[in-house]
């Protein structure tokens, strides 16, 4: 078996990305959907760090990853607040039932 | 009398009736007696026309007087060159004679109408229309170019429309007016196309310029064939106006108009305009054109004559007789008997006007009864009417000592001579046969109307002789039907001043190779440059001379035979009409129903047109306006939501686009499910699709 | 780079600093003077005006600052960015006034502090978007804008449609930005840089694997497409626009779209364009066929927007689709890939800002009065509110693009660019779309004027303030429709994008 | 196979398996716990990539912050007594198909790309350099993040408060 | 320097609109009088223009021989480096082609104002829109800059939509939107071609440089064509043919030419009488005017190629319109279709491309304007009184309303081209001109069928409505009142006057028509020399 290289990490990130999107699309519960989004962000982070590591791009990748973690936190906070608000209004956070606005 | 003076008078008498029309129309509702103005104007017109005729025939015998002004001047145009449209007046013998006839009959009809139309709610309007008509007719007569001819031609059509439909409350009258106008227009299209050809070729409308260019060998589209076609197209106008077969159907219907109008329009003037037109363009008719004209004339002489045999409406009989006589004239022109044709035009105008006015007098007396089966015995009640009617009938039948004999005999002789030279014997045969028929039905009319016992006692009791204003025109016209006005020699019109001096056959302008051989001057012909004589070949002149006496005798016999038969049938009742009718029921019905012309037209042209228009209307609504309405219906089957559509959808191509747009919109809407996760699926799918679209660069 | 440079660099982002400061002031003011919330909008207006002053002052500078390497920085200050900042500020100014007059916003007076804070968060995000030349800053500024707008979309939190809108928005936005981030990471992996200028230099000299670059590009496009609501990334738009409070909807439709366009244009122009020829056409580097992609997207966008709008009964929703359609038209300007096209977009945006905000404003006024945005409830309104009817007609006609309104000029500039670039077929499609769009715009006027109402209802009076705002929005539309030199001149002078 | 590899595969397995369970498990609370393992796994991968500081931040922020937030979310939006907190899935099949295509294309592209790989010296702890970068080159972003957090704070509070 | 008469005549209605808008709602009467005054002044101005018109100047392609020219730079954006210089001129002027139509517009609008007296619903809006429409129409006929032309062209759409849509009949919404969509569709084609032409034409500036231009006259001069312009003949890959078709279609919708005519019957039937009058009297002329002013001189070589098709469509219009008219039961729809038929003559005449044909076409535009205005007024009078337009429901009105019927007769006979009335000479000229062109001779001959079909449906209508027995239901109808006299008398006077003395109009246009024909011929030679055919 070959030494774990860039492609290995990339495969993990692609898989994580796909799983995240799968989660977003298929889960009814809004919190679960948010979890999917976190997975997507994580996969991007892996990419940044892996590319920086193997391409010898310096520390920029890690910095970016840090930023993204912070942004993810901010986004999660706001998203959860919105979910809670929905729950207050509807006593329900099933995303697929939120379709009063449509054509 | 100077030329200028004559022109001035001509212009004045042209516009006098128009003045009468305008004044009478505008003041008609204000001033009750304004119709006197119209009558006065007509009197001036008559006087003026006689003065011109006198002046022309005495002082300027051989010259043609014209005067023109530029109506429209387009200047020197890039493609078509110099374009000037001139209008003007032409005074020659023919037009002055025609003017006198028109003015005279118009004047008499005016006089007659004063009594006849009294009490009509639109009394003044009636005279105004008469004025308009007289104006238009004078215009046709006096014009020196074909555009103006067409203009007045149409105006005549309109005034006849107004006059025929004068009692428009009656549906049949309104119908008849419309029919007259439209049928005329059909002929006019031909004339108009003819004019188009002439103008395109010669860039002028003036007769003289056109004739000169033709005589120089400049033909339409450089071919004799097209000259023939042009002549025939213009003749098509005459077919309409002179009620020739197959466009004669309007004339009998036009009898719905007041009877004096019938006398004016449908006997003497308007229908004569067609003949007058052919007279004007005679110089450019080729042999082929003339032959076709002659055929149409012959048919028009024959068919209505057979129809007239069985009609019971006094005016219808006269109407068919008119068509028949006009056919005579046309046929005469077609066979080259130019002078006699025009002569017959004049004589016929007088006696036919007399007949119509006479019938008007009868109808007036019988309280608008027109069916001869309800008349009879009126001779005693209305002697003046009877005798004038009789004289006119004798004249139309071609009995010697009458004007009709002179002109008709000439035509028959001309056709006979023509047949001798070309072998077309059908024309004289038709001519003689129709002469017999004419005599027969005219006397049938007289016998049924005036002789015998009254069949409708009540009406008969009330009948009375007409007043002076109505009787006077009858007398004048009947007197004009006697020979001595035209020639001192009651058997040979050529001796008279009319044919020998007044009516001059025009020069021929057609290339010699397109003429009849006998119309090409040969070495025997006395060629005089500038002479207006038709340059016939000597053979024709000889043939004419040879045929004159036999033809005269034959026509005399034939007229006598017709009159005799009429007496046998109706006066002495030696032959039972009813039985004969039974025996020849088919023929009778055919004649009685006017050869089914109207029915045929209704079935084909009228219904065809209406049907086509309805079809197109529907086409417009259904097909054009909804090529895809159909497509939309198919779409309907496929999609469930199209029902929603349907409320919005109406018709039309635009509507189809609306359909389609709406449909596209609906398709797009389907994606907008309201579920955010579905949206994300769509986004991913789109990205994949984009990826595949652009995967190779 | 060191901290001193940082401080000197701050001089270039004075407008952003003003916005941030105002943001903080609002927060503090809200905390300290919680009873004087009425003053908040005025503070906001002052902040916007001051920021505007600095933006205008910046006009003419062209620098790249906050350098991450020797040559290039993250922030670019040039006329192009200033132009879009002015558009954003213009829209913000109007929207603040909207908010003062909106009954929806006013029903939550105790949360006005948050409202204006978040509004400034959005402004800041949009400012950075129009200036960003680094993918990281682009991502960050988009997030900044998005996070604020998620909350604002659900501002009236006790109404269901507000909450639903904000939930959909946050989920959709989260995924879109996640995908974009993944794309950015791929670009980073390929080039080793996130700076657009550096990437451009690299593309010019190296060969990059096409498919991967395409995927990265498309992923990034998802993020931009989400912001400018271009089909097929537009799905959130109608739902969120319908659900959100009207001032926010209006704001999203104009300002956030403008910022999105600014960043998209800059992204493509700086990254993928090799050079500009003498007649202003961009010569694309041979890496991704952006031109075809944008053409496809723009046709899809305008067609979808216009056709779907045909069926809308809710005015806000209809205007949402209409704004999608307009995004499609503007994308055409980008698709031309020339300075003339960009110029057309810029002209379009000023006009679009005026007319779209105006239309939303009218909808808001009507909604305040009759409590409905449904087109059926507009029946006979033209007679009941004659003045408003005329003004609305001006906005709608301008949205269709008929003379003599500015909307026509905007479209003409666009078509001038298109036809100069020989994109006749596309122009025809766009024009046919215009015809379709007429139908739904005019449908509003039809309901207001043409439909007979059974009973004449009394005239509804309009507040003076509303009237003045409407006149101020409508007048320039007519004036620019007749004399349009100023806006074109302005756009022309603003087109300098720092770079090639 | 080196130790490095073994550890790598271990982390990879943990990450992907737990992520798989996150998105498929019907019990929300269970999912949340699987997410914990995913974050751990990812942190481990960061370490393997020499990004120790990021890994720590990952643990602190994600596990300590975001995950707790999410759990709060789960709890607040369900009755706490309800042990069996289930969440269904929708259109799993179409999603799988689309994702299959999507992920397949992505993976194929990623695997077939010749990435820039430069042999790099093993770096020591990067924390100091990161700190330097944060207040130098990336100072602007650093400051902006502050504003983002402020916005998030205000926004979340505004949304969530009664 | 003379006064800006053309601006005055064009923008006067805008002033009127502002006055009307400023008046309080209750002052309906004042609004009517204001509008009447404004349109009256327009007529006076138009007559003034006519009396100061120099008959010897041709116009068409030569700015020096246009009259009452007003030209100044409206929009000028310099150093537009990638396009050069964007400039739009405010350029007004009239020549023999536009002057008759300016006169027509003034007259018809004035008459339409008179016939608006019966409108009683939201007067303010009505007259404001009416006056706006007036400006748009006038502007189209006087502007010589394509951009300006287009703005005026589009300016009419919206007022027209509302005028039909608010004050129209039962299906007015449908008709109005149909009109709007259709005509907008037409104008977008024009827009595209306009921009294409802009990029194909440069005009020398005062400083010696060359700049793209919207100037119509500059576009006509092939020397101004750019080498690479998309619609420049010098460019081997030019799209001139397609552009011509598009432009023609744009104008044809307005005419309306078969098969684009379906908006017309709907719009006419639903529109209120004065609007029908304007629609038929003026708006339809814009299509043909546009073709004459824009399509022909700018694309002479393609015009030449397509003459036969233009004539063919003219023929179809004439005959198809006549048939459709015959099938109608609604009086107004019948008149509407008769317009389709009559506009066919205009097309036919233009296709002739010689002096008579084009003179006839322009004259026919003017005459159709007056005649059809009368016809719609006639329908309006009857509809005002009887509130129905079913032809079969009438009959015998001549007895009840003799004076009215008199005017009806004049109008109807003018419509079927009776000599002595104006319709004749224009139709005759059209036929004379068209017949002179060998290529379209057969088409012309078939078209003459229109003469008889026209007489057919018109007289049939005359009979069904006015002749025959009076339907008792209508025995209460009153004859014309003073106001209606004031509408009919001037129109009838024009119809009769031009019938007798057509030179009044023909002389006016003759120089221009000649120079246009000459120009077309010269330029065709030019185009064939550069071998583009």
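Order of writing sets the chain letters: A, B, C, D and E. Residues in each chain are counted from 1.
Definition applied: a contact is a pair of C-beta atoms (placed from the backbone, for glycine too) under 8 Å apart; a residue touches a chain by one contact, two chains touch by 3 or more.
For clarity, every value in this text was computed on a predicted model and none was experimentally measured.
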**Message:** Applying the touch definition from the top, give me the chains sitting in contact with each of chain A and chain B.
**Reply:** C, D
**Prompt:** Minimal path length between chain B and chain C through chains that touch?
**Reply:** 1
**Asked** For the chain pairs B-E and A-C, which is connected through the larger number of C-beta pairs in contact?
**Response** B-E
**Fill in**
centroid check, CA-based, most central chain -> E
**Fill in**
Greatest Cα-centre separation from chain E belongs to chain D
**Chain whose Cα centroid lies at the greatest distance from that of chain C** = B
**Prompt:** Can you give the whole-Å distance between the Cα centres of chain A and chain D?
**Reply:** 6
**Fill in**
Distance between the CA centroids of chain D and chain E (whole Å) is 71
**Fill in**
For the pair chain B and chain D, the C-alpha centroid-to-centroid distance in angstrom is 103
**Message:** Need the CA-centroid distance for the pair chain C / chain E, whole Å please.
**Reply:** 42
**Prompt:** Where in chain A do residues touch two or more other chains at once?
**Reply:** 17, 20-21, 24-26, 30, 33-34, 36, 50-51, 55, 60-61, 67, 71, 74-75, 78, 81-83, 85, 95-96, 98, 100-103
**Item:** Multi-partner residues of chain D (each touching 2 or more other chains)
**Value:** 90-91, 95, 99, 102, 105-106, 110, 115-116, 138, 141, 145, 148, 151-152, 155-159
**Message:** Where in chain E do residues touch two or more of the other chains?
**Reply:** 181
**Item:** Chains that touch, pairwise
**Value:** A-B, A-C, A-D, B-C, B-D, B-E, C-D, C-E
**Message:** Which residues of chain A touch chain B once you look at their complex with the stated criterion?
**Reply:** 21, 24-26, 33, 95-96, 98-103
**Message:** Give the list of chain E residues in touch with chain B in this complex.
**Reply:** 174, 178, 181-182, 259, 262-263, 320, 322-328, 353-356, 359, 396, 398-399, 402, 413, 418-420, 424-425, 428, 431-432, 435-436, 444-445, 448-449, 451-453, 455-457, 459-460, 462-463, 466-470, 502-503, 506-507, 510, 514, 517-518, 521
**Touching residues (chain side chain E, partner chain C) in the complex** = 74-77, 79-83, 86, 122, 125, 150-151, 154-155, 157-158, 161-162, 165-166, 172-173, 176-177, 180-181, 184-185, 188-189, 191-192, 195-196, 198-199, 230, 239
**Item:** Residue ranges of chain C in contact with chain B within the complex
**Value:** 167-168, 171-172, 175-176, 179, 210-211, 214-215, 218-219, 222, 232-233, 235-236, 238-239, 286-289, 292-293, 296, 303-304, 307-311, 436, 439
**Prompt:** Which positions of chain B touch chain E when the two form their complex?
**Reply:** 29, 71-80, 83, 147, 150-155, 158, 161, 165, 168-171, 174-175, 177-178, 181-182, 185-186, 188-189, 192-193, 196-197, 199-200, 609-610, 612-614, 616-618, 620, 624-625, 650, 652-655, 657-658
